[in-house]
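Please find the structures below.
One chain, subunit A, appears in both complexes that follow, with subunit B as partner in the first and subunit C in the second.
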Partner chain A sequence: MATGAVLPRLLGAGVRAAPRGRAAQRGRTLGSAAAAAAREPERDSDRSARILSEPLKHSDFFNVKELFSVRSLFNARVHLGHKAGCRHRFMEPYIFGSRLGQDIIDLEQTATHLQLALNFTAHVAFRGGIILFVSRARQFSHLIESTARSCGEYAHTRYFKGGLLTNAPLLLGAQVRLPDLIIFLHTLNNVFEPHVAVRDAAKMSIPTVGVVDTNCNPCLITYPVPGNDDSPPAVQLFCQLFQTAVTRAKEKRRQLEALYRLQGAPGPHPADPAAPGAPSPGAQAQLGVGHSP
Partner chain B sequence: MRRWINPEHCLVGLEFGNILPSSRTRDLIRAGVLKEKPLWFDIYNAFPPLREPVFRRPRLRYGKAKSPTQDIFYHEDQIRAKFYAAYGSGPKAFDLFNPNFKSTCQRFVEKYIELQKLGETDEEKLFVEAGKALLAEGVILRRVEKARTQQEGSQVSRKSESMGVESQTALEENPPLKEVPQAQHLESPGEESKGLSPP
Partner chain C sequence: MAGHAPCSAPLPGSLADPAPICAGAVCRPCPIALRPAPPAPNMAAPSVSCGAAVPYRLFLAGRVSFAREQGLWKAAASGLQTGTRCQILRLKHSPAVTTKKNVAALRRESYTVDFIKKQIEEFNIGKRHLANMMGEDPETFTQEDVDRAITYLFPSGLFEKRARPIMKHPEEIFPKQRAVQWGEDGRPFHFLFYTGKQSYYSLMHEAYGKVLHAEERQDQLRAKGLFSEKSKSKDPIGSRWLIKEELEEMLVEKLSDQDYAQFIRLLERLSALPCDAAEEEFVGRFRRTVTVQSKKHLIEPLQYDEQGMAFSTGQGKRKTANAEAVVYGHGSGKIEINGVDYLLYFPVTQDREQLMFPFHFLDRLGKHDVTCTVSGGGRSSQAGAIRLAMSRALCSFITEDEVEWMRQAGLLTTDPRVRERKKPGQEGARRKFTWKKR
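== the complex of A and B ==
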């Protein structure tokens, strides 16, 4: 990953350059203020590159595993599928069995898929990506919209107009930024057909995370999560999990930015005792939380 | 900041090819069509999904091909079938709000298994003993057998007249199933009586 290619996008994405006053303070190690100002963008870009690359090295940087367990999925009735007649052929690998005609989803597989999905969501939120929650179930429309609002992201739970993603410049305006991740709480629309946004997101190379029930087609969804999408406790659990993942990731981003900004010059190891600033013990403890498995 | 991907670049492989969005994006970047790497690119490469999101056309199953999904049966289901055949739904209604709820049938099954562990082998005897044990605890079980057999007799004769072929094929399917053959044989009379009793 070339730092040069990354630089313009990051500066535009809201990584604020330090104000001139603080630059003069930190410039004590480098000498003249002019030299300090010249090296500012370089250090910013190094810092930003390190902030972005650091989480990718850990398998579970945001510790999403602790947010749920197989028991909590069971209690939320995530394992209950539709009747065997409604079963979609491509959901068969994710189904544990059929109890008196009702499909039971394998929660061990659900747990693995959910961990991957939450991890991806958290990483996208960490990088400041736009997340769109999509669902066409009217029963949960309000819940999903309030979930999106509470984590500072977006939701679309109404009629999905034809070219919204594929013809965005015409429908939404010339320079519109499309979502970087689409989360489907319900993959089907009100007539039990796959939601148009699934296919359109695949066309526009937008990764998708989706809760797929036993009557859904998981093929085009990047990170499918086999689970019940009809019971209120199950949908509430999924909303809560995604909200926590996004909020956690954004919080971690703020912490890491503050930490790296306070540490100043590039080079020091995050646990470097020589790093200036009082918050290092607290910040190190926070980093410790991120590093622990 | 141009972030809009021309969908014409992406339509190529959706239905017939198997072009992944990740490989498509990688090639577009290499060709210079996409000026900057999308946000998800590094994350996707670091944490790829278990299955690549490639389009597959759902094909129907023909002939004797059946789905590999298995039925879920437990050994206790045999006991439950006998209980429901003898006593109907049971005196207490199911309270599904309580996650630790034990129905009459479940208590009966537990008693049955306890007695079985003590060394009893005769099924009839175990059944009667379990019923007596529940009675000792204060649960009254009312048999519905006699009224049932009369209904069963008349309804079975009507069934055999109209759906004789269906019942024959159902009986034919039972022996080839190797999973829990005993359960199946015992389930069918249990299920038949369950189906015939009024809901």
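== the complex of A and C ==
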């Protein structure tokens, strides 16, 4: 799974894993006041390690599948591509066919890719990663910036300065933290060339999610989502989906942290591997965010 | 006085100790002091130390973009921050200065909060020393007094006002800077941080949001049929848009001309739509009132002499000529200059035309008598000086509109042109020596 490959980078982003050896040594000196104080940070790191590992045990922890369906994608006109003359060679696997010269995107594949992308986005948001929404379409700039602001993440829908990602310490500040995920709602810029951030993110090992239309190049994007990026309903749908995924993930994180804090030192036993995100039966009722059997 | 010995004047903070202060604290070419403190062995200790300490607090006012000055600033700061008895200020060359690549980094020289605080402390102490030197009360020593004291102590003939020595609060000298833009976990505070120009783009975002909102409201009104074309009556001549420098100062960010133009265009678009109170307030933040120029000009009231004749005085200057004119309310157009009739004083017609111009402009050619005195300058500049003096005196006799017309005609403005000095290596002010190929 791609999440496994990205895990070490995200671990470095903000959370330190508890060193197991030292924790065991401290556990031997139970009973003294000093040891009790030393146990607190050990418990914290243990707790955070458990919180972070919890979503990774389930395939769809955040239940992103229920946020959309093929029918809702169709209604939002996500399947409409450009004319056959604009078609990019590498988009051919994702194209269902062509009707009256207009390419139609295969929504079954779109659904699979979108589920992967939303799941990944939710995981990144859960782990407190920085998400950057990038687009260069003036028509949707305001919408995307508002979406990013409402879910507490970041947006860049303006002129992209040359070394923003590759030369960030000079442009943004000495100790700046780069985005952990970049979401492209439009992969092309205003002159129909691939956005510079696609290549730069690949250079800086930043995973990307991107809505790729039939005239786009899906090569350098980690999680491409074949779909229409020109119609307003389609873009609104994608914005809404990403926003919901991010907010859900953050909410889940808050809930888990509160839960673990209430429960105390020993971590929760995964009572039911099939039921995602519910460590104890008593608390299961509280976590009512879309548990599908 | 040893020109090479380090000047051992102590820092202001260490004045408490009674250690003997080096008499004649002559600094080596100090990058900021314009004049070394004069050697005065007989002067009382405090004043000598003040004389040495004060120069360090003098700032050469300059624009932020002068990287060299900032290099000097770094030197000054490093010299002062050592905290020891003052040494010769050596220019400390940091690696950033020498390599060509990091010019951009040097340009954005950042001052830490501690440094600015220290500068403020030193400024306050220096202000008190200055008050003592001038014999004033340090408690009630205002900025105007400081400016006056500095112009008295360091008279400068430089034309550029910004190149003269000043002593101002560090807040006015060091450019405003941004604090760190992200929290402990590294997440930036502002959602547009990664664009690079977060304040400007968030302002654009906000303005565009308001435009969309206003257009939506307009559509709703049109759909209901309640829409009426309303003419904007609130931005004629009384106000103007912010200029680019003011906007940069407001946002604490550098802008390009295109950015500024885009922003003004968006605001114009917003103000063209029917706005509600919140939007008008938003637009009002970016408008500045323009003062009508003629309002600044004070019009003297008429004075009356023993016979009951109304008169008014005015003064004028042109090049090196100074003139004072007394214009009487009723008369026959007689002009007397230094006791001599104008026909005799100014044989040349051109000069007499200059004198007639203000009256001719106001259609009052034979209606006033003038007595004036003039000194300095040549024939033409004396005529110009008298003309200005007469126009100023005439302001008391005429209406405000006529004063505005005179101002627009250029009758009330002192001509700022003075003789340009001759430069070395050239024959005159501009004329170069004849170029010989061989």
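By our rule, the second predicted complex is superposed on the first by the 235 of 293 C-alpha atoms of A that agree within 3 Å, B and C clash if a C-alpha of one lies under 4 Å from a C-alpha of the other, contacts with A are read in each partner's own complex, and residues count from 1 in each chain.
Methods note: a residue touches a chain if its C-beta (ideal position, glycine included) is under 8 Å from a C-beta of that chain, and two chains touch if they have at least 3 such contacts.
The structure displayed is predicted, hence computed values, not measured ones.
Of the two partner chains placed around the shared chain by superposition, neither subunit B nor subunit C is touched by A:Ala137.
More residues of subunit A lie in contact with B than with the other chain of the pair subunit B and subunit C. Legend: residue contacts after superposition of the two complexes on their common chain; A:Ala49 is shown touching neither subunit B nor subunit C.
Applying the stated contact rule after C-alpha superposition, one finds that A:Leu170 touches subunit C and leaves subunit B untouched. Once chain A of one complex is fitted onto chain A of the other, the partner contacts of A:Leu262 are absent, as it touches neither subunit B nor subunit C.
By the touch criterion stated above, A:Arg99 is placed in contact with subunit B alone, subunit C being left untouched. In the superposition on chain A, contact of A:Glu153 is made with subunit C only, not with subunit B.
On subunit A, the surface touched by subunit B in one complex and the surface touched by subunit C in the other have residues 128, 175-177 in common. Subunit C meets subunit A in the complex at residues 104-105, 180-182, 185-188, 191-197, 201, 205, 208-209, 212. Against subunit B, the residues of subunit A that register as touching in their complex are 1, 5-6, 8-9, 12, 52-53, 56, 75, 84, 87-90, 92, 95-99, 103-104, 112-113, 116, 119-120, 123-124, 127-129, 166, 168-169, 175-178, 180-181, 199, 202-208, 217, 219-224. Across the complex, subunit B meets subunit A through its residues 1-5, 7, 10-11, 14, 21, 24-25, 36-40, 42-44, 46-47, 49-51, 53-56, 58-59, 61, 67-72, 99.
Interface of subunit A with subunit C (complex): residues 13-14, 128, 130, 132, 142, 145-146, 148-149, 152-156, 158, 161, 164, 170-173, 175-177, 179.
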